[in-house]
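Down below is the structure, laid out as structure tokens.
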Amino acid sequence: MIVHNETSTGITSDLYGVRKVLDSTNHPALLLVDIVSSLGTTDYRHDEWGVDVAICGSQKGLMLPPGLGFNAISEKAMITSRNSQFKKYYWSWEQILELNKKGFYPYTPASGLLVGLDESLDMLQEEGLESIFKRHDDYSNATRIALNHWGLENYCKDADQYSQSVTAILIPDGHDADQLRATILEKFDMSLGTGLGKLKGKVFRIGHLGDLNELTLLGTLAGVEMGLELCGVPHNKGGVQQAMNFFTSL
Amino acid sequence: MIVHNETSTGITSDLYGVRKVLDSTNHPALLLVDIVSSLGTTDYRHDEWGVDVAICGSQKGLMLPPGLGFNAISEKAMITSRNSQFKKYYWSWEQILELNKKGFYPYTPASGLLVGLDESLDMLQEEGLESIFKRHDDYSNATRIALNHWGLENYCKDADQYSQSVTAILIPDGHDADQLRATILEKFDMSLGTGLGKLKGKVFRIGHLGDLNELTLLGTLAGVEMGLELCGVPHNKGGVQQAMNFFTSL
Amino acid sequence: MIVHNETSTGITSDLYGVRKVLDSTNHPALLLVDIVSSLGTTDYRHDEWGVDVAICGSQKGLMLPPGLGFNAISEKAMITSRNSQFKKYYWSWEQILELNKKGFYPYTPASGLLVGLDESLDMLQEEGLESIFKRHDDYSNATRIALNHWGLENYCKDADQYSQSVTAILIPDGHDADQLRATILEKFDMSLGTGLGKLKGKVFRIGHLGDLNELTLLGTLAGVEMGLELCGVPHNKGGVQQAMNFFTSL
Amino acid sequence: MIVHNETSTGITSDLYGVRKVLDSTNHPALLLVDIVSSLGTTDYRHDEWGVDVAICGSQKGLMLPPGLGFNAISEKAMITSRNSQFKKYYWSWEQILELNKKGFYPYTPASGLLVGLDESLDMLQEEGLESIFKRHDDYSNATRIALNHWGLENYCKDADQYSQSVTAILIPDGHDADQLRATILEKFDMSLGTGLGKLKGKVFRIGHLGDLNELTLLGTLAGVEMGLELCGVPHNKGGVQQAMNFFTSL
């Protein structure tokens, strides 16, 4: 099991690399991946990369409110599930797939979100995946340009693993990321992601995915830069300006 | 008849001054004012300033879609209207006021917007008028700080008449404001106001009223500054930064 | 000037007949028609019937909230308007038509309703006008079958002028239509149309147009029949049953 | 584990009776109940009846789209859960309850539905539970009066167990309930509940709960009665009339 884009750390994993390692060992394990925060922001190739089960939700790159979860399933995973002796009912795919053929679902679906999904998919098709991935790459680049200028540190150290969906930023020792977040929320009505688990108080996260554009992102970066100033977190002013320069240079 | 805040030029008129001049001449004329783009952004005192008829709409400071128009009417205006020999039916206040008492309207009202208005008024009451006017003053200040830094010119020359709702900015000779607007719309999906009438092509307008905050405005200013760069309009970079400095200094 | 379907009385006028009379007199007058409550319920042929100006709104057969008004204009009406010496600005078509070509409107349009209109028109096209007119004819037939069974009287006496949009029903002497309406509103949360002007208290109106179907209409008729019972208005029970029989016989 | 109101059969169980039997045996088992389709339609007393865990959703008596699930938990259930050696993470209450105190939830909640829930609860409080239960009792009574008149059979045989939320109706031998449902859907755009499992084709279900009133229900019953006619299912006409008589007699 592996997370494609880890929302809590802003790190994207090399799924295809994992697949190749698995293949090299001839291990029969299924490859399960969480693509909740990468679908619609980052290139993902279910069949080509030999993923067995992908797990996703509606609330990130699909630009919908939370409330839908769904899977993509390989032939191998279907067979394994059918042959498995584990008890399952609600989580069983058989009945769902059978009813899906006729446009139904065995339980009560979140019908409002399905109507929204229809529209989201039209929007994504209209723009085209290549443009969508390019935009998210630009947004994440602009975010890193700003944080580098501020002199802050990206929690993700490996450029190959930078996330196109979210960036987690370390706050200097002696400062509290949650205090920064609270100030920005109170002053500018913007809610940034908190650090989770052992990162609590040490990082804050900027989501740059889904229904946003350059100006939304620049407003976001402006909120962060002003928050750093108001909280006395040492930084170099001008990160927003650098991000603007990046966008006009494209 | 006078416009309180002129949307097309970003100029706010001294209504009370006009009232005093009228009073000094003992002229019986009614004072009619258009407060469409000032209500909910700028201090306005219907009774205290002796306004006879105020004309307003839903789509600016009241934060609603367009579709509602309404009046505030002085006793003197009511009497004048009643005694007037002009034919009127649809524009007559009598029947409207009579039915309003019971919560009705003589024709088919835009009922959806009335429900929205109920919520808008709650929001405005909850924040308080003093805070609302202060915020809009801050937004307009930040906008002027940016345009001054860019080296562009405010169409409004008199600081006493700066608008808290909208700022019209002159573009240097040899450049076309509508070309700038088109570039910003295409690149950043932001639609700025056009110059109207003889200002066509010479000014563009930034609305800074209603449902927005500091970050929305900074995103807007970033879009303008990047547009100036992309269109080759001479300007000093850093206007957004100056606006940010202003907001953190408050 | 003539109303195609009079909402207050449930009477549909023979527009083409009026046109022919006008033609027979060789009178140059323009023919102006109000199609607010007939468009989308009743056959209307602007060009074929030689109408010069049609006036309509969004809130009836177009199934939208109130808030849009619009015209269809003949060549003759355009020329007359252009040559007219009457002062006009807001009501002038010239500027509107010019800007409409590029998808704009000279003032602030009720943009939310325009998005809704796009959907309404798709729905109407998908069903087809023939089916839409047939359905509204069925609804009005079912309504008349019920009121005839109740022993009440249609305000419209001439079967050629029955409205496909709304039926106005006379209440027997000694009873108050508005008392009936109030009882139905309180007991069953259904708001029927009131009698207007000299019909006040004498008629109530059932709208059977727009976003409704057989079951909505039967629920409506059930509310009326139960209201008659509760208010002690003499009537024969079974009007809803007769309307049901009509629908199953189609 | 027991279902308070069984949606698939229209049978309401005597939860308090079950509680008393459990108590009489001094068995330590927890009492878990599904109140998905009874909450907001049927009297339910979590503490008084000694229920340990209630399971509910947003899409029935709470009048919302599907998408929220929630529990009410007794002290005993909390202790049992805490002491249990079963592995659990997503289904664990501890973290949820801890974060709920501050208005949060450990995962991504269906935030749009929580806003809707706020409004639903206001509506339910405003009407009062006594009135809500009385209304649903009336609706179910009216439905049974109609089906009895039609000469059809309620799947629930025991009057003490009639559901206030939904009624499952047996179709006579030789007829197919799903054919009836399909006809009603096609002709009158009304989707009735299907028979589930071994009841497939043998029953159809009428939901009479949530956001509806007398007229909605009568429209529903009219659709069923007309469907019976169109499908040639033997029945006595007049069921809707009997339901109307019942409502006017209240």
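For the reader, a short list of remarks on this structure follows.
We call the chains A, B, C and D, going by the order they appear; numbering starts again at 1 in every chain.
Note that in this section a contact is a pair of C-beta atoms (placed from the backbone, for glycine too) under 8 Å apart; a residue touches a chain by one contact, two chains touch by 3 or more.
Worth saying up front: this structure is predicted, and the values here are computed from it rather than measured.
Taken together, chain A and chain D share no touching chain.
Among the other chains, B has the CA centre that is most remote from the centre of chain D.
Interface comparison, C-D against B-C: more C-beta pairs in contact at C-D.
Chain B and chain D have Cα centroids lying 52 Å from one another. Averaged C-alpha coordinates give centres for chain C and chain D that are 39 Å from one another. Separation between the centroids of chain B and chain C, computed from CA atoms only, is 38 Å.
Contacts with at least two other chains are made by no residue of chain D.
If the chains shown are joined wherever they touch, the resulting network closes on itself as one ring, and no chain has more or fewer than two partners. Taken pair by pair, the chains that touch are A-B, A-D, B-C, C-D. Listing the residues of chain C that touch chain B in their complex gives 57, 59, 65-67, 108-113. The part of chain B that touches chain A in the complex is made up of residues 187-190, 213-216, 218-220, 222-223, 225-226, 229-230, 237-238, 240-241, 244, 247-248.
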